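Each chain gets a letter, A, B, C, D and E, in the order it is written, and its residues are counted from 1.
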Amino acid sequence: MSANSTIAAARPQIRGAATFLPPIILLAGAFVAFWLFPYDLGFMTRILIMMVFVLSFDLILGYAGIATLGHAAMYGCGAYAAGLFAIHVSADPLLGLAIGAAAGALIALVSGLLLMRAHGLSLLMLSIAVTMVLQETASKARGITGGADGLTGISMGPVLGIFEFDFIGKTAFWYAFCVLFVILLVLRVVVASPFGLALRGIKDSPSRMRAIGTPLYRRKVAAYVLGGAIAGIAGALTAQITSLVSIEAFNFALSAEVMVMLVLGGAGRLYGALIGTLVFMTVHHIAAGIDPFNWLFVIGFMVLAVVFFLPEGLISLPKRLMRLD
Amino acid sequence: MTTGLQVRNVSKNFGGLRVARDITLDLPAGARTALIGPNGAGKTTFANLIIGALEPTSGSIYLDGHDISKLPEATRVGAGIAKTFQITNLFRSLSVRDNVRLPILERERRTASFLRRYDGDSAVEEEVEKTLAEFQLLPLADHLVRNLAYGQQRLVELALTLSLKPRILILDEPAAGVPSSDSHLIIDAIKRLPADLSVLIIEHDMELVFEVANRIIVLVNGTILVEGTPQEISQDPKVRELYLGAGHG
Amino acid sequence: MTVALSIVVDGIAYGMILFMISIGLSVTMGLMRIVNLAHGGFALLGGACAHVLTNSYGIPFIPALLVSVMAVVVLALPLERLVYRHIYRFSELEQVLATIGIVFIMIASVNLFLGSTLLPIRMPPVVSSPVDLGFKVLPLHRIIVILAGLAVVTALYLLVERTRFGIYLRASVDNQATAASLGIDTPKVYLAAFALGAALAAFGGILGAELLPIEAYYPLRYMVLFLIVVAVGGMGSIIGSFVAALSLGILDTAGRYLLPDIGTIFFFLAITAVLALRPNGLLVKSS
Amino acid sequence: AETIKVGVIATFSGPNAIWGKQFQEAIQVYVAQHGKEVAGNTVEFVYKDVGGPNPDASKAAAQELLIREGVKYLAGFDFTPNALAVAPLITQAKVPAVIFNSATSAINKQSEFFVRTSFTLWQVTVPAAHWAASNGAKKIVTAVSDYNPGVDAENAFVSAFEEKGGTVVEKIRMPLQTTDFAPFLQRIKSSGADTVFAFLPAGPATFAFTKAYNENGLKQAGINFIGTGETDESTLDALGDQAIGLTTAQHYSAVHDSELNKAFRAKHAEMFPKSTLNPASVGAYDGVHLIYKLIEAAGTDGSEAIEAAKGLSWESPRGPVSIDPASRHVIQNVYIRRVERDGSRLVNREFDVIESVPDLGFSR
Amino acid sequence: MADALLELDSVVAGYGATHVLRNLSLKVFKGERLAVVGRNGVGKTTTLATVMGLTRQHSGAIRLNGQSIDRLPPHMRSQLGIGLVPQTRDIFPSLTVEENLLAGVRNGASIEEAYELFPRLKERRHNGGSKLSGGEQQMLAIARTLMGKPHIILLDEPLEGLAPVICEGLMEVFHALSTQGKTVVLVEQHTRLALDFADRVLILEQGAIVLDASAAELKANRDLLDRHVGVAVK
């Protein structure tokens, strides 16, 4: 038979380490980062929120193979819903997250019923169109959303009634981290479930999937709604932590950036989403700090280098390195 | 109640091209039917009409007396109709094992659940291993399908479809690309199928057809030319002229 | 009645500009099937070059246009040899990433040398003089674009559908290995097609600069617009892109005349409707 | 004596990088003219890029500046959401934030610690309307980009114009995404108005609009143009001859005729020969001036500094200015200007002035 | 014996880093009819693809008429007279039948010849390539390669999916080609067909040649075949 390199996946025996190691590394990473960069909590919190957002997109693009450029739709709806909820109903953060998730899921459901029938370029454009319509609506509904100036007046109560959001952003950091951690665990269960396997099947061959009797459309809508709910949570987190929602939450650039971060890290691998986000945002932050006018060069070359030398994304770097010797 | 599949006056046009013309036939439980005919006669199209990948221009299809002509493909598969693809159509970036596991999970209506692991059910896992062993695919179980040779992929194609445990099984050229040395694997698999299963085999390999079929339908230009036992068909002069040629008989 | 006429005339004039600036993408993305998000980048480079030539060196518009298109082609050739050639083999997502990287570098380069402000291209004053059509005044510039658009669509149609090159191109894109086994020099075919796409991008960028003025972030600002034209037109269909661009032009113009307050929402809802009904492009009936 | 850090939050990258660039240049010119020492302290500027309207980044940048860098003053702010996002932080930290540009009146209500040295839309639009009304405009059509600043400008203009007895025949709101303005110009032309008041974001939109204004023969048809920031110096040359004759009301022109402005311009031209001054430059220049004054008066005590700011007045390159104690916004002259060719460049030539205008939108 | 038309000398080749052919050497002579048989996955397709230049060749040499061609890209090899009919047919889906043929036309070939060979194709000439039946695709793939007038034709299971009558006709065509002086290399699963057709037979196993014998010899010595290819040869 051909060489071992065609072996698909690790056999079950080594699953033990693979199951527990990554979350532990993640947890340890958070503590180390918290300890090493106490002054960058604001920025690191943004990374964490973005990780939640990119993870939600990974489920849709990386696993189910549904390529959209309108993921910001769910993020924005989650943000506005959580913001409005905090202003008008309750300042409780966790309730707000639930509302954000519901809003994200709802818009994903409504738009997904249409989008999940489309493919390829027309799917990309439809998803952009949905986001554009939402953005324009938010922009015109100034009385409710504050329009282009943004939704102001959000002030959050303490998390779980105990942890006040502080000036330095410690609470915000750990709050965002806990949400990320929970979402990650949930997604790990989902992608290792029969549903997750079915999503990968859909990505690989929709026609075959139909031929084994899968109600494709329903599975895709379900994945989209789940991804939408998580994106809504990411949006809600932003609204709560920044205390402001702007129509930029619906930006096309945001949707595109999410895709770039995901592919950069490695789509279809949860940790790829995390690594891609971390690397992209950190490089961006540092490069922009050094030369705000020309950092785009750095990002451009980094992105090119990754596609050319690590086509499976940054997450394949360790594998690559190991293969060198 | 009539069991099995009934096709009644089914026609299919692609624009001006009439690929199926008023086809009527029965696939009763337990039948081993072969569908043969020249290239482009409409065999694959006919299979697609039954499975629901194509919609007939006119006519109806009944399963156990129920009209299924309007049902979507996935529902028909759920009701027990399955088909292999003439041009291999597999989950190329999944392992061989997952390619077999997925249809079993689907058959067991598990793919909507996301709380347990996909390899967590011992009954399913046992069946996966058994199926792989049957097709001598165990050594390849953890390879990605896209890295297999074409003939190996054909075997996976068959294994995958059989894991659906259908009641009506359509095999579109199951042996194409499988070397004669391995075609016994396919013949064996077909022979092992449960007796009450209805099988429709589309195949150009006459040795295989004569070995497994007890009834042969010859399709030419979208219509049924003749229908009969293997014996009758191989003697039919028209079939010999249009299809079999001099080498068989 | 005059409103209807105005909608049609303004719509066609606008649509033709849309056609000119996105037809290059129709070639690279539609025919060559690379998700070429760097399309706007070539338009930007062409426009920036024309800006420098007309503004800083006082070169007249027409020669500047030709020189700029040539310059973009000259740049596109080595870029294809060194970079794009590998990109063809990538998956779609990797292509997105790679071409985004390229576009970032293009933007950063223009930004570095010319800044992020508008880069106007000087045209002879007569070009922007109004021409009275009797029922309507139209700038001469739009009439020129309409004629150029018609010429481009005819030439491209003939090239792709009626020549051996067109067959070789489509064959190479469908299956490169097989095309090569048949003796088709696929690298050369790709190179030519890519250069054509880049040239059209530059040409369209410069002609369309009256409406979509050139500036460093041009490729990102209008990316969605380019993509919409190709999507509505249908991948790989020259005529489709043409019809799509005109329809979108008329649609958008109608929205502005009739429903100015919700123009954007109307436009995107209309596109949603079109794509939902005709997911493979305006001219292709969904099966 | 100590080093006092000032954090500047603005856009240095992306399509709107011009803001950060104008801010930074003006700051450097001011420092070159006045030195780094204030009352024995050294002032140091720390820049943070937020890449455009991005409140999340703005808030994180402010946190980082306040906590890590220990800045005692914040400054910059080009887009309104970016300013609004830091409001809770500066209130909590008691750190004054000097706004160099964001033009929405409501910002200063969000925190006691905001002071603004730029302008508000009401501040420049109302004088524009008054001037138009008293200079022959009878029937007017407004054409604004459909977003908050545009709507603000429309409201300000319409109410002020109607107050003066003029008629507004039509109010047109143009989608932000518009690239082809021909349909709108057609409507303006057929509206029967004698003047059009326009408000669009500087950049491609202004470019395409003014182009369409000329190409559709509005000028020939005798429809006058009045605007505010459309002829911003940073895009003026790009607009080209089509801009000549456009009338606008603004608080600053790069060719404002005063000794102070000449010195500002000369120093700027010396340090940044390829660049040009615009209202953002003077906003930043005066902002730094204000910060210097506040350091002199209150050192690093934020609350005291805000008190000191109220009522402060000085001579700026744009003319006399003072800080309104109620709104903490700058009271200034608004000039009526017309685009003219001056040698190889286009300039906004002032020819009329409305003096000492406060933020007319604050109390609304 | 005369010099070989095509010669593979210790070729190691495969996909990516994987090696499929391991030191494969073979010679094909002008006008010869050569059959290559072997089980699934032993590297038959890979051998043909390597000759065409479609795989990654790690070492060894490939010579055509004594000239080394292993640095040449596929289209140059094709222009030197090598024609391949791929196992997966690889019809260009966005071209019509006629355009598929035109894509292969060289050296003044006329598509009428193809239509003569396969009248069915003429009937479907304006059909899209992706909308052909399996057998029609196979016919088109063969005809398209013949349009290039190759001197040496590599056929990868060309009979798969074709009606028996057509198969017979095709075997005659291949015979005719070889009598016109063309060299035919046939990869075939059906050992009997291969034996009937070929002068010489190679048996491949694990990317290497394990047996090189004349067809007559093999027909006489059946158990030799059985040992290498399996039980099913009747």
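Basically, contacts are C-beta pairs under 8 Å (C-beta built on N, C-alpha and C of every residue); 3 or more make two chains touch, one makes a residue touch a chain.
In UniProt terms, the chains line up like this: A, C = Branched-chain amino acid ABC transporter permease; B, E = ABC transporter ATP-binding protein.
The shown structure was predicted, so the numbers you read here are calculated from the model rather than taken from an experiment.
Peer 1: If every step must land on a chain the current one touches, say how few steps get you from subunit B to subunit C.
Peer 2: 2
Peer 1: Can you tell me the least number of steps between subunit C and subunit E, where a step is a move to a chain it touches?
Peer 2: Minimum step count, subunit C to subunit E: 1.
Peer 1: Round to the nearest whole Å and give the separation of the Cα centres of subunit D and subunit E.
Peer 2: 75
Peer 1: Can you work out the whole-Å distance between the CA centroids of subunit C and subunit D?
Peer 2: 36
Peer 1: Quick one: subunit A and subunit E, Cα centre-to-centre, how many Å?
Peer 2: 50
Peer 1: Any idea how many Å lie between the Cα centroids of subunit A and subunit B?
Peer 2: Computed from C-alpha means, the inter-chain centre distance equals 42 Å.
Peer 1: If you look at subunit C, which of its residues touch at least two other chains?
Peer 2: Within subunit C, residues 111, 220, 264 contact more than one other chain.
Peer 1: Give the residues of subunit A touching no fewer than two other chains, as numbers and ranges.
Peer 2: If we look for residues of subunit A contacting two or more partner chains, we find 1-2, 6, 136, 140, 293, 296.
Peer 1: Would you please write down the residue numbers of subunit D that are in contact with two or more other chains?
Peer 2: In subunit D, 17, 146, 175-176 touch at least two other chains.
Peer 1: Which part of subunit A faces subunit C closely enough to touch in the complex?
Peer 2: Those residues of subunit A that touch subunit C are 61, 67, 114, 117-122, 124-126, 128-130, 132-133, 136-137, 140, 252-253, 256, 259-260, 263-264, 267, 293-294, 296-297, 299-304, 306-308, 311.
Peer 1: Which part of subunit E faces subunit C closely enough to touch in the complex?
Peer 2: Those in contact with subunit C are residues 52-54, 73-75, 78-79, 83-84, 86, 90, 92-95, 99-100, 102-104, 106, 129, 144-145, 147-148.
Peer 1: Given the complex with subunit D, which residues does subunit C contribute to the contact?
Peer 2: 6-7, 10, 13-14, 17, 111, 115-120, 122, 125, 128, 130, 137, 139, 141, 210-213, 215-217, 220-222, 225, 249, 252-253, 256-257, 260-261, 263-264
Peer 1: Would you mind writing out the residues of subunit C in touch with subunit A in their complex?
Peer 2: It comes out as residues 83, 86-87, 90, 92-94, 96-98, 100-105, 107-109, 111-112, 220, 223-224, 227-228, 230-232, 235, 262, 264-265, 268-269, 271-272, 275-276, 279-280.
Peer 1: Using the touch definition up top, name the residues of subunit D that touch subunit A in the complex.
Peer 2: Residue list for subunit D touching subunit A: 12-13, 17, 20-21, 47, 49, 51-57, 59-64, 67-68, 80-81, 84-85, 87-89, 92-93, 104, 106, 110, 146-149, 151, 175-176.
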